[in-house]
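To start, the structure itself, in structure tokens.
A, B, C and D are the chain letters, set down in written order, and residue numbers restart from 1 in every chain.
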Amino acid sequence: MATQPPQIDPRQLLEQMMLIRAYEEILIAGSVTGKIPGTCTSVGQEAAAVGVVNALTAADLILTNHRSAGHLLARGADPGRLLAEVMGRSDGYCKGKSGSLHISAKELGVVLTSTIVGAELSLAPGVALSQTMFGRPGIVVCFFGDGAACEGSFHESLNLAALWQLPILYVCENNQWQAFVHRREAMSREHVTDWAASYGIPARTVDGNDVVSVLAAAQAATAQVRESRRPCLLETWTYRSRGHFEPDDQSYVDSAEREAWLARDPIANCRDRLIADGRLDATEAAALVEKIASRIAVAQAFADASPFPAADELTRDVYA
Amino acid sequence: MPSLTLYDAVGEALGEEMRRNPGVLVFGEGVATKRHALVEEFGPLRVRNTPLSEGIIAGTAVGAAATGLRPVIDLLFAPFLCYAMDELVNSAGKLRYISGGQFAFPLVTLAMTGAGWGVGAQHNHNLEAWFVHSPGLKVVMPSNPADAKALLKTAIRDDNPVLFFLDIGLLYQPGEVPLGDQQLSLGLAAIAREGQDVTLVSYGKTVHHCLQAAHTLAEKGIAAEVIDLRSLKPLDEAAILASVTKTGRLIVVHEANRLCGVGAEIAALVAEYAFAALQAPIIRLGGPDAPVASSYPLEQAFVPQAETIAAAAQRLFSPHYA
Amino acid sequence: MATQPPQIDPRQLLEQMMLIRAYEEILIAGSVTGKIPGTCTSVGQEAAAVGVVNALTAADLILTNHRSAGHLLARGADPGRLLAEVMGRSDGYCKGKSGSLHISAKELGVVLTSTIVGAELSLAPGVALSQTMFGRPGIVVCFFGDGAACEGSFHESLNLAALWQLPILYVCENNQWQAFVHRREAMSREHVTDWAASYGIPARTVDGNDVVSVLAAAQAATAQVRESRRPCLLETWTYRSRGHFEPDDQSYVDSAEREAWLARDPIANCRDRLIADGRLDATEAAALVEKIASRIAVAQAFADASPFPAADELTRDVYA
Amino acid sequence: MPSLTLYDAVGEALGEEMRRNPGVLVFGEGVATKRHALVEEFGPLRVRNTPLSEGIIAGTAVGAAATGLRPVIDLLFAPFLCYAMDELVNSAGKLRYISGGQFAFPLVTLAMTGAGWGVGAQHNHNLEAWFVHSPGLKVVMPSNPADAKALLKTAIRDDNPVLFFLDIGLLYQPGEVPLGDQQLSLGLAAIAREGQDVTLVSYGKTVHHCLQAAHTLAEKGIAAEVIDLRSLKPLDEAAILASVTKTGRLIVVHEANRLCGVGAEIAALVAEYAFAALQAPIIRLGGPDAPVASSYPLEQAFVPQAETIAAAAQRLFSPHYA
């Protein structure tokens, strides 16, 4: 029954990662000048987002969290509308009401983003239940962090998903940090997979800084969820290169650990390998940079031009 | 009209709404065991027992509601809502707004509340005010089986999350329930008894205590109007203000703790919008700032009783009171 | 370092189990007449309670739940004060304010009983933290059910206890039921030990209907907690012979499963074995029944004579 | 007097109390990272980072408090309290009562709350009224660094669970803080400004909005008295009633949602116990029944501002108002 996953041009993966990086770099720059509110960026984690999202079909639904730019952009979100949202403007995906922390985009199948860490886990089974009850083909992908895995909702969610046979791919982006706490200070075990396995949920850790490995693992895992209609878990082992929130001086970070991870930057790695393999040349690489810069400039202009919400938005959208 | 308990009225409403809309489903700890007739009719996929995990029950309902289902969850006793506050308040109540209106959350949460079974403070704690305080949620608490059935049907069809509280003390008391598809708008109070001298506003079991008090007061020549709120959010502000404008006197009565309770809200409402009509202080009768004891006499003493209400009303007519 | 656990006369274990049974039988009878409010009894689970509690020292602290009569009586609670509590009388352990569901007894080291399922798990690490910070020798025993193991607090508690190296013996009384839901409808795995092991916590399932096995397993487990100052978990595999709450017709119960368990009643088993081994004769057995009946009669008289709390107790004990 | 931010005032109070009593310890998600000076002085056993698990942080504090320690926990933003409601409400608030007074629960829960950072409804939600409503808990919310330090020191020495809210908008504003072991009783309001024409009652950042409004009003010849509650439970009922008895007019102001908020409690209190003194309706200014948006202008519009307060006060003196 296993169908071959579609071939994806790795240059496309590279481009998506570069777009995410470029987008977040303007968030970082803007947060320094105060033009843009501070955000949680996914710098260094782009491969995890891009690899997983590219394994999905349009029918699949995504839940994500506070560190979501990568998931949204990989899913095809418009950087202009994202930026407008972060800046609290009315053309944002959520009319400026979310800001950066809980952006959802129904049209993209990105549903129910909560910035309450662990809430993505509590909401996912219900979304999967809808898929199941309505006989929809799509599965559900729930992105969460190693920190979220420490919340009780992790236990309750995995137990229920296993018990009710819900088609969920749990993707734990284990970036070594839970805000200002290292995962070693917070988890009794090294890997979230250690916990997942105890529910009888197939679980695997993959190098989260290698987009090709993540894609392959995600294709295998989504195929398994699709066929079995049961949950699987994928842990992408990666690193949060910047602080928890912009700005953050990272004075608390172990620099040796950080340096080692920075040397494995997912974008540089992917690009260098494509060049080495002769699948990308210098001209193409430069053109890519150019293309992304102009997309970002358009996005910035769009967001800047978008007005703040009208006063009556204060109490609109509270009740249906 | 057939006579049903409030518990069975809830069962009827569930059955009718599940029949009407295949997207309605019910789950909770033991609901498939206890409402076996629903399982028989609608099958085990639409009526489910769950693990003992209130958080994931509520979270699952929120996720399901956002994507097309209309879940009803039974969280048993109100204090257990404490394990589902994030899902109910931060998710169900806020994600529509946060998403700029992209999603709706049609879900009903059932919870039993109040005195009657001597089960103590961790089973008996009236928390309805928390949810009135929290945006995006509707809150219902009926005082009789007919209202319970009609309000629950409306709540299930409502596109917003509704907290639906069942007063334990009323759960197995029978009452007449009209046949058929009766509904009741949320936000519409009932005038349980008309009167022009003093307004008694209440909900749940203390409506009956107010009616008893009104009876006593009538004998003393005081005509009390009793308002049964039925829904706490939306609140029928118009009905309350109209009544107080007529009577000039107000007593709010509930079992929940007094501080920052629904009674405070109503007193504040009236002190702002019907001030000119007020002829006497507004009296609030509610639970003390204490947990509820299991011991029977203490459990009873916690709840405002008819005598206390009647005495308070008489005080409002005393020339020395103000 | 391992010291030999003290030898305990198995007749003492039998007597404790019989006391628990006799005590709960008057609760059952009283709930039928309405004289005593309904309770959650531990009929059929006496061996689990007695076996574990007899492995403890006076310095150890206990947390328990709604089904606690066995733990309290095995710890030496006065059945009269227990009964007074259940009946809401002022001479109860909690002045009648608790009723049956959350009885604690500081003088016995039975601290912080909550009837919120899962709360015993959330409170236990703090009690163990006190033991540790004050350098007290005692360990903490936390009794909870298979249902409580489904709450998120289970995950959070075990993770923290493993991480902070807290001296807790978690005792899961797996009685196959979570109120009106069978554990198979609620747990993705058969055993709570499957979950516990994923935290690196030593975990073991023992026959919960054999008091001698439970005692031995509990002695081993408490010794391990004492020496390692780290958590262990013991699952006592047993059965709730009566309904969730008195009265309960158990119409929802699988009768074959129930019959099989009833045939393994822990009290009958223990007594028969003692008789078979020649450690108890018929006269002694009869004397035991007599002795317990008279203790219970005294208890009943004490509770009956105890007054209801005074009116001013309504608001006393709220604030310190 | 040295000038400190509210954040640093909290740090000073923690340090002084930890020095004073070896049973005081602090834990939370990142507290050891962010308050590194405390780790240096008191070591990693008394200042601990925790897993990302609010429930077990609070539960551990409750268990520790019952058995001799005096924990202070930092739960970061108020909405995260939703994950700790059972531990705070059902355990910390009730187990003393349920146990017949056998245990005490000296623990302090810190949480940031309110507008200022544009972080949206899941970080910005003023929940203090929930805890006022719940028995067995004390609730504090200071409006300046000096009070924060003194109140926190008292809270840590208190044998009851205290919810201690830090207004985000005030967190990094400096203020003078007296040196040394200053304490402040819980339940004592401050008269932030004296006046005899109208009483403005508030807490947290809106105290400053009231002071600004009072300034504006003074120019129009209206002398407003501003009461800074500081502690919401116990509530300084005497101070409120005395002021309204003097002024005859009351406006209650807070950022939290209006329905069943602390403003409702105060309005109800006054409508019952100072009715005779009231010369005009009681006005409540508070957040609407809506979550808070992240967008800056909407976030600001949510909070009652000085102009709104001043305008409301002037309305109270209009002959057509009632």
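Annotations for the structure displayed:
Following the convention adopted for this analysis, contacts are C-beta pairs under 8 Å (C-beta built on N, C-alpha and C of every residue); 3 or more make two chains touch, one makes a residue touch a chain.
Bear in mind that the values here come from a model prediction, so they are computed numbers and not experimental data.
Among the pairs A-D and A-B, the greater number of C-beta contacts is found at A-B.
Ranked by separation of Cα centres from subunit D, the top chain is C. Put simply, the C-alpha centre of subunit A and that of subunit D have 36 angstrom between them. Centre-to-centre spacing of subunit B and subunit D amounts to 29 Å, using the average Cα coordinate of each chain. With centres defined as mean CA coordinates, subunit D is found 41 Å away from subunit C. Multi-chain contact residues of subunit B (touching two or more other chains): 50-51, 53, 55-56, 79, 82-83, 86, 90, 97-98, 120-122, 135-136, 288-291, 293. Counting only residues that touch two or more partner chains, subunit A has 95-98, 102, 114, 116, 118, 150-153, 156, 159, 163, 185-187, 318.
Taken as a graph of touching chains, this assembly is complete, with every chain in contact with every other.
Contact residues on subunit D toward subunit A in their complex (touch as defined above): 29-30, 33-34, 36, 49-56, 79-80, 82-83, 117-123, 288-291, 293-298, 301-302. Across the complex, subunit C meets subunit D through its residues 61, 63, 92-98, 102, 104-106, 111-114, 116, 118-119, 121-131, 133-134, 152-153, 156-157, 159-160, 163-164, 316-320.
Of all the residues in subunit A, the ones that touch subunit C in their complex are 150-156, 158-159, 162-163, 185-189, 194-195, 197-201. Contact residues of subunit A toward subunit D in the complex are 37, 88-89, 95-102, 114-118, 147-148, 150-152, 178-181, 185-187, 252, 308-309, 311, 313-315, 318.
Of all the residues in subunit D, the ones that touch subunit C in their complex are 23, 25, 45, 48, 50-51, 53, 55-56, 58-69, 71, 86-87, 90-91, 95-106, 135-136, 138, 158-160.
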